[in-house]
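Heads up, there are several structures right after this.
Each of the two complexes below includes chain A, the first together with chain B, the second together with chain C.
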Partner chain A sequence: MEKKLETVMEELITRPGVIGCIFADHQGLCLGVKGKASTESAGIIHAMAEEAARLEPKSKPPVILLENDNRSCILTTTGTLTGAIFKSLN
Partner chain B sequence: MGCCYSFFCKDENSSQTGDVNERTHLLIDPVSNNSNVQRVNSEDILSRNPNILPKKTDEQSALTRILQETAANVIDVAALGTHNLQQHDYLERMKLYNVRVQQILNNSRHKFNKKGNCILQDIPNPEKVLNCDPIAAEDLNLIISAVAGASAAISDIKVDHKEDLVVPFGLLNS
Partner chain C sequence: MLDILDDMDRPGQTGYLQLNDDGAVLSSSGDLENDERTAAIIMGLINLTSQIDSKAFPPEEGFKKLSLVYDDHCYIVCLSNRKIHIVKKTLPTDIPTNIA
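For the complex of A and B:
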């Protein structure tokens, strides 16, 4: 049933630098998580994407990059799905 | 400020010692001093009208009584004159009050610091961060393809039932 999503996530965390990924639905509920990512962050990720999209409602949903010295988090939304990828910068 | 506060504080010692501070009464207590005021004012009136002094009628005594009652309730601010503040007094008190306020603020500063745990913080060189590329093309492609793939994968999710949704409980026994 959700095997395709599992496959997508497994393929994703094999990419260089990627340490984790998470997907959330339109209510911020976790659909799937792999690697170093917490299911509890699904709601926060969805809320951030929603708030950022509200800045320019006529544009397509933005890609948000959060970054500190050793990690980055890239997130965006499409349709009802919000996805986030955690990358290690080291 | 001193006046308002001293009205409510019952610290009589501070006003009786003669030291002028922020709790000194600016006006002398009218209840304890009204006898002097009353006497002066009533004598004043009587001396101005000497011709009506010998024949004290009831009307006259009633008027005098009203006058005395009024005088007892009047606070003659100009006659008190004990706290004529000069310009340098104002400045001194202003400095004193500022020092007191600073002391109170310093004592309570730790209460405000407890709330300072913000997730977002200022960074020393913002122009450095603002000048760099917003996002690498590689990362952009990665997230877009990942979300598109996941979206397609989720749209494929469908519930395929293997058992009956409605189970007839107890129908077999009847």
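For the complex of A and C:
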């Protein structure tokens, strides 16, 4: 599984605008990180995904999008896995 | 539902919440009328955003917009004039789901 995740992260980081990505498990522990992102944020992205999932517990978890003028962050949950992709808009 | 939509300013909007910076509801309408539960969850999310990856996002930059996107609707949150504005709106069904 680690190898598969590694391949996904390698592919993600080559996409236009992507500066970093991080994945966390169901406990908020870091599974992998690539590019400009730190392992310490695994807990935060997991906490955000959990908080957002409380909004509509009957629906599948939402995609969370954070934006400012220069950057954006996309947070998504699949099963027990939470992923964050950091993008630069310039 | 139609009469609610008639009162809305923005196309597709089904609900609106306005909070102060403590998270208290200042005004609301539609699906989000007096929805303190949604207000508390959104406030929780906003408080967490300040701690997000300092390597990828310098903390001094902050965020301007937060969106929560479901299959057929979304919540859009932004901060203006020390107030938090939350809009719930339906999404057109033909937009691509792969936004990454």
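One rule holds in what follows: the second predicted complex is superposed on the first by the 89 of 90 C-alpha atoms of A that agree within 3 Å, B and C clash if a C-alpha of one lies under 4 Å from a C-alpha of the other, contacts with A are read in each partner's own complex, and residues count from 1 in each chain.
The rule is short, and it goes like this: contacts are C-beta pairs under 8 Å (C-beta built on N, C-alpha and C of every residue); 3 or more make two chains touch, one makes a residue touch a chain.
Predicted model, so just to flag it, every value in this text is computed and none were measured.
Once chain A of one complex is fitted onto chain A of the other, the partner contacts of A:63 extend to both chain B and chain C.
Of the two partner chains, neither chain B nor chain C is touched by A:30. When the two complexes are overlaid on their common chain A, residue A:7 makes contact with chain B while staying clear of chain C.
When the two complexes are overlaid on their common chain A, residue A:85 makes contact with chain B and with chain C alike. When the shared chain is aligned, chain B and chain C each come close enough to touch A:74.
Applying the stated touch rule to the two superposed structures, the overlap between the chain B and chain C interfaces on chain A comprises residues 15, 63, 65, 74, 76, 85.
By the touch criterion given at the top, residues 134-135, 139-140, 142-144, 146-154, 156-160 of chain B touch chain A in their complex.
Partner chain B is touched in their complex by these residues of chain A: 1-2, 4-5, 7-9, 11-12, 15, 18, 21, 23, 31-32, 63, 65, 72, 74-79, 81-83, 85, 87. The touching residues of chain C, counted against chain A in their complex, run 38, 41-42, 44-45, 48-49, 51-57, 61-71, 74-75, 99-100. Contact residues on chain A toward chain C in their complex (touch as defined above): 15, 19-20, 22, 36-38, 40-41, 44-45, 47-48, 51-52, 54-56, 59-60, 62-71, 73-74, 76, 84-86.
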